[in-house]
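Each in structure tokens, the structures are laid out below.
Next, two complexes with chain A in common: one pairs it with chain B, the other with chain C.
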Partner chain A sequence: MILYLLRRLFLLGFVFIALSILAFSLAYLFPGEAWQNFSGLRDVPAAEMQEVIARYRLEHGYLSQYLAYLGRIFSGDWGLSFASQQPLLKEMLPLLPATIELAAYALFISFVIGIPLGIAAAIKPDGLLSKAISALAVAGYSIPVFWWALLLIMVLSLGLGWLPTAGRIGVLYEINQVTGFMLLDILLADSPHQQAALYNALRHLLLPTLVLATFPTTVMIRFTRDSMLEVWEQSYIKTARAKGLNRAQVLYRHGLRNALLPVIRQIGLQFSTLITLAMITEVIFSWPGIGRWLIDSIYQRNYPAIQAGLLVVSTLVITVNMLTEILHTLFNPLARKR
Partner chain B sequence: MLNKKASEGGRRAALLAAGLMLSACQPPLPDTLRSGLVYCSEGSPESFNPQLVTSGTTIDAISQQLYDRLLDIAPGSGELLPGLALSWQVSSDGLEYRFTLRPDVQFHRTEYFSPSRPFNAEDVVFTFNRIMQDEHPFHRQGGGNYPFFQSVDWAALVNSVTALDEYQVRFTLNRPDSSFLSNLATDFAAILSAEYGAQLLVAGTPQLIDSKPVGTGPFRFKEYQKDVLIRYYRHRQYWRELAKPEQLVFDIVPNNARRMAKLFTHECDVVAFPRVAELGLISKRPDVDVQESTSMNVGFWAFNTTKPPFDNVKVRQALALAINRDAILQAVYFGHATRANSVLPPTSWAYNDDLAITGFDPKRARELLKEAGFANGFSMDIWAMPVQRLYNPNALKMAELMQADLAQIGVRASIVSYEWNSFRRKLGANEHDSVLIGWSADNADPDNFFRPLLSCSAAQTGTNRANWCDETFDRLIGQALLTADQKQRRSFYMAAQQYLSEQMPLVPIAHSQRFQALNSRISGVEINPYGGIALAGATKEAP
Partner chain C sequence: MPRFRLLPDEQLARSPLSQLWREFARQHSAVAGLILFTAFFALAILAPLITPHGPYWQNDALLLLPPSWSELGLVQYPLGTDDLGRDLFSRILVGARYTFGIAVITVIGALLMGLLLGTLAGMSRGVKSSVFNHILDLALTIPSLLLAIIIVAILGPGLLNTTWAIMLALLPQFVHGIRNAIAEQLSQDYVIAYRLDGANNWQIFSRIVIPNIWEKLTLMATMALSTAILDIAALGFLGLGAQAPSAEWGAIIADSLDLIYIAPAGVAIPGLLIFLAVLSVNLVGDGLRTAAKKRREN
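== the complex of A and B ==
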């Protein structure tokens, strides 16, 4: 098992190096001078140019420059943003929790709703319930997320006035950012109106989470259903039934455990799609996450920010991927032996 | 789909039961929230010091909320009222102004500054010396540009500002200027704290003076997140009546439609600049009111008077007669503007009622063109500004209407537009034939409409869009400044307006109203016709 973990870790490091090479080479591939894209400085007085060249080792070969780049990444010096002239790392750190928060809740919802529905659909594959669930899943799978979001805003916010349209919390609530996770921050804040703030934050969270959860939920439904149907055909299920276990016992002890294994793996695979959708959701709901920031940066041709944002987002995605892979192996002895 | 969503929503609600159950027994909201006000603004402020800026967005966000001025302008009459100055005397030669200051005015107590003394003469000297003196430790902070004060030639006008004692200040001028007091009452002439300045110098962080502001205004600064929000709290020792909202938040929403949506969902209490075309739709909602207020501005069509054929008065008059301004008022301003006959709005005390009205008369226009030697017309460019402004919400549409009008008298007009920054640069270089642009006043003094727009010095600095330099006109507006007697001044301005209407270097088109959309539970929002919005008196009825 330890060997397996080491192998995974090694793979993670390798992928990260590949990503960092890509991010590094973007400085040359983007328009403008490489030192501008590295540092985020627009203009440097001629007197200081020498210092910049030395700092980014521009007079050395690419390899030396890349090593210097890696060194800067690990020491936290990510350069400045073209737009705000603020350090990029400082700008991104508070944004990341907002995106993770949104994605995590959406993923959680998709589990809680998707898996039971998937099982329900698998119990009687030709029943009316199963057909209805499948139909819904297909519809949810094919609906464009931006349209779905606008539709919900139209009905729930503008039409009925139930839910707010933008942001993480009402602007009148002053919450100190400690962890960057809104709900956690509210609970940590020593505020007299904690309950009201919590309620307000949940109302803000509801629509974006609902929108973002739609796609992974439908994937969960389809996947659980298919996996369940497959497991149901296995001979050990028949054996279990023959032993005299009732339907529920078989479902829980033999069916579910085996059927959910590939589902765990799905989380990792779906995560990259989820992050892409989160970007769109963040733009629509003015959610101050990394996705919206990255898209803004693209509009502003903010090359240092695009570079840094890509590195952070892709590292996040491969890390989650790797973690679910490891989880899958932990639960599945067969995979461990392989 | 809906079915599934409903069940999803149901489960979701169950999950969040803890949170949602709170809604049933919602605790009474604390004061900071219940009386908090959210103003949704159209952009981020450039600075927190009004001395450094001219943009209306910034002035709206900071001036009236954080600062006080020596004098204030009564919104209705344009009369000067005591502000931080209790009273003032002007010497008989008009060169010396003495102000007696209000005692017991407290500066903001914030996380970064605790005042040890109330406002006094030292603060006034500090504030104005920062603008005038090159060697002042704060003069170069924020770039050393003070656009409003430069436009009124402050450095050449004011000789010195001296504190006579704790509550007496003397301004000495180099020449009489009757618009001086009005300029002190503008939103730009905010009073800063000398003690705070000294503290920043000791700490070695002078640059914070414009980003962590301290003033005497109704609200104190709490936080600013760029492109997200500005948060203010009530200044508890304010010398006037305390601000009604305990908390004031400027929610920055540049997108027009999104601002409207936030108004409808009650996330915004007041919304800046609703689109004029949408006003009808907005006013149909019972929960939203539209507030209209006169604003001192003028939208006009300026000719480049140094370029032939526009150097010919007859051509300019002919073009002015060829334009159907009533149609423009309908199509471009949707009726929310008054027809302009002079550059001065009719609400100004110097407005000339007796001006001949330049109507829509294509026949007379053709005759004039013939007299000028252009019987067959000519070709020209109309430059239409690419941005939406209060005084001209849609310059391109206006240009199209004018194009059709001009065709009737044989003038072939083509429409030119560039991106805003290049547009202004090219205008400054006088590359245009004619341009559709305008002006919003900074104070109630009529001089503010004449000198920055049409004087020879404005032609040099590039704000005179007609590029018009006329001795007679300059003498008239110059003389008006030398006397403090309002009757005499009025007669000079009357003559100046008469002269303008004969010379027609620019065609005034409309004075437009300013709009504000607000939740119908809000009352007490004041818009100053000369500048920023005041939110200290805004109250919110309980639902």
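== the complex of A and C ==
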């Protein structure tokens, strides 16, 4: 297991190096001068130009420039944003938790709804219930997320007036940012209106989470169902039944534990799609997350921001990928042997 | 001429393709999906010939005409017109070319490139294939929208540039899938037997590998097609893909979003069509998957 972890860690290092090379080369690929894209400064007085060149080692070769870039990344100097002229790292830090919060709740909902539905669909594969669930899953899998979001806004927010359409919390509430996770911050805040703020934040959260959860839920249903059906054919299930265990016992002790293994892995593989969908959802619901910030950055041609966003978002996806892979190996002794 | 039954089981004598079709045709949902898919495909090819009005032709006497089923509508404009007096029905027909047709082209391009790279990776061994694998792992982790944003930042917005972005985003999964499928085939005993008969790499590839993996290829292509349609529409909606006057479905939705109260048809109908297009692809894909599984079991 330790050997396995070391190999994974080595791989992780390799992927990060490749990622940083990609982010570095974007400074040259994007329009504009490389020093502009590195620093985020639009204009530099001619007198200070020498200093900029020395700072980004532009007179040296690419390798030296790349090493300088790595040094700046690790020391936290990520350059300025073209649009706001603020340090990028400082600008991104409060945005990232908002995206993680949204994605995490959506994933959670997809577990809670998707896995039981998938199991229910696998019990009688040709039954009416199973067909209905499968039909629902195909529909949810096919619906374009932005259109689905617009439909729900039209019906639930504008038509019925039940839920707010935009933002994380009503403008009346002022919540200090401590962790960046809205619900946690409200619980940490010492305010007489805590209850009301929590209720308000949950109402804001409901619609975006519901929209974002649609795709992972359907993926969960499909995967749990397929994997359940496959496990159900195995001979150890027959053995367990022959031993005299009843259906529920077989399902819990032998069926689920084996069937949910590939599902864990699937979370990691689907995470990058989830982030793509989260970006679109954030734009529609004006959710102040990193996805909306990135899409705003492309409208403003804010190249340093795109570069930094690539690093942060990809690191997030890679980390989640790696974690699910390690979890999968931890639970599945068969995968450890390779 | 009398027919002899040489084989005891008639089923086994059929070609794999006709066995697959038999299993496929038994599923109603899959056949419905196929009909819908064919309709979209035909529409993407024939759209300019059957539009009643020019999709970009602006009639300033008829701005924001409601659909023909409402009392104020005209039968010549079945779905009404938009705020520039363009016929929505014609625009939507032509939109099938952009959203659906370009998605098909994108997938075919990605499939061909993936076949080339996946074959090279699957047939090579050692350090070369391991390095290649890790690069693929990296490419798989960059979200497709982020990749599209980067490519738009480098090349500028436009339908053609986002086509490249989507092709690049689809490529890793093709290469990965094809590489694994080929590696699985190469470890089979019949490949070794064929090699012992003196077959070279090309013969093994064309006579054994390709006939054995085409089913998987088709499945991969249908999955990629549904992603491609959704991505093209999403990029059009965000204004990064197809640009304003173009009749791409996502762009039409973005265009009519500010008039959603007055003319909800402009948002509802293109969205419904995107949904139906993706649904048809997914139904065909699911049907194929089930049929392929059943055929192998028999």
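Keep this in mind: the second predicted complex is superposed on the first by the 338 of 338 C-alpha atoms of A that agree within 3 Å, B and C clash if a C-alpha of one lies under 4 Å from a C-alpha of the other, contacts with A are read in each partner's own complex, and residues count from 1 in each chain.
As a convention for this text, contacts are C-beta pairs under 8 Å (C-beta built on N, C-alpha and C of every residue); 3 or more make two chains touch, one makes a residue touch a chain.
What you are looking at is a predicted structure, and each value in this text was computed from that prediction instead of being measured.
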Task = Using the overlay on chain A, decide if chain B and chain C clash or can fit next to each other.
result = fit
Message = Applying the document's definition of touch, where does A:212 land relative to chain B and chain C: first, second, both, or neither?
response = neither
Message = Contacts for A:280 in the overlay, against chain B (first) and chain C (second): which applies, first, second, both or neither?
response = second
Inquiry  = Quick check for you: in the superposed arrangement, does A:260 touch first (chain B), second (chain C), both or neither?
reply    = neither
Query = Thinking of the overlay built on chain A, is A:121 touched by chain B (first), by chain C (second), by both, or by neither?
reply = neither
Inquiry  = Which partner chains sit in contact with A:143 here, chain B, chain C, both or neither? Use first/second/both/neither.
reply    = both
Query = Can A:173 be said to touch chain B (first), chain C (second), both, or neither?
reply = first
Message = For A:182 in the superposed arrangement: first (chain B), second (chain C), both or neither?
response = neither
Ask   = When the two structures are overlaid on chain A, which partner does A:220 contact: first (chain B), second (chain C), both, or neither?
value = neither
Ask   = After the superposition, what is the least C-alpha distance between chain B and chain C in whole angstrom?
value = 5
Task = Using the superposition described at the top, list the residues of chain A that contact chain B and also contact chain C.
result = 139, 143
Request  = Write out the stretch or stretches of chain A touching chain C in their complex.
outcome  = 11, 14-15, 18-19, 22, 26, 29-31, 135, 138-139, 141-147, 150-151, 154, 269, 272-273, 275-276, 279-280, 283, 291, 294-295, 297-299, 301, 303, 306, 309-310, 313-314, 317-318, 321
Message = Going by the contact rule set out above, which residues of chain B touch chain A in the complex?
response = 1, 3-5, 7-9, 11-12, 15-16, 19-20, 22-23, 26-27, 29-30, 32-33, 36, 38, 222-223, 226, 228-229, 231, 247, 249, 251, 253, 258, 261-262, 264-267
Task = Would you mind writing out the residues of chain C in touch with chain A in their complex?
result = 29, 134-135, 137-138, 140-146, 149-150, 152-154, 226, 230, 233-234, 237-240, 250, 253, 257, 260, 264, 267, 271, 274-275, 278-279, 281-283, 286
Ask   = For chain A, which residues count as touching chain B in their complex?
value = 84, 109, 112-113, 132-133, 136, 139-140, 143, 153, 157-158, 161, 163-167, 170-174, 192-193, 195-196, 198-199, 202, 206, 209-210, 213, 217, 286, 288
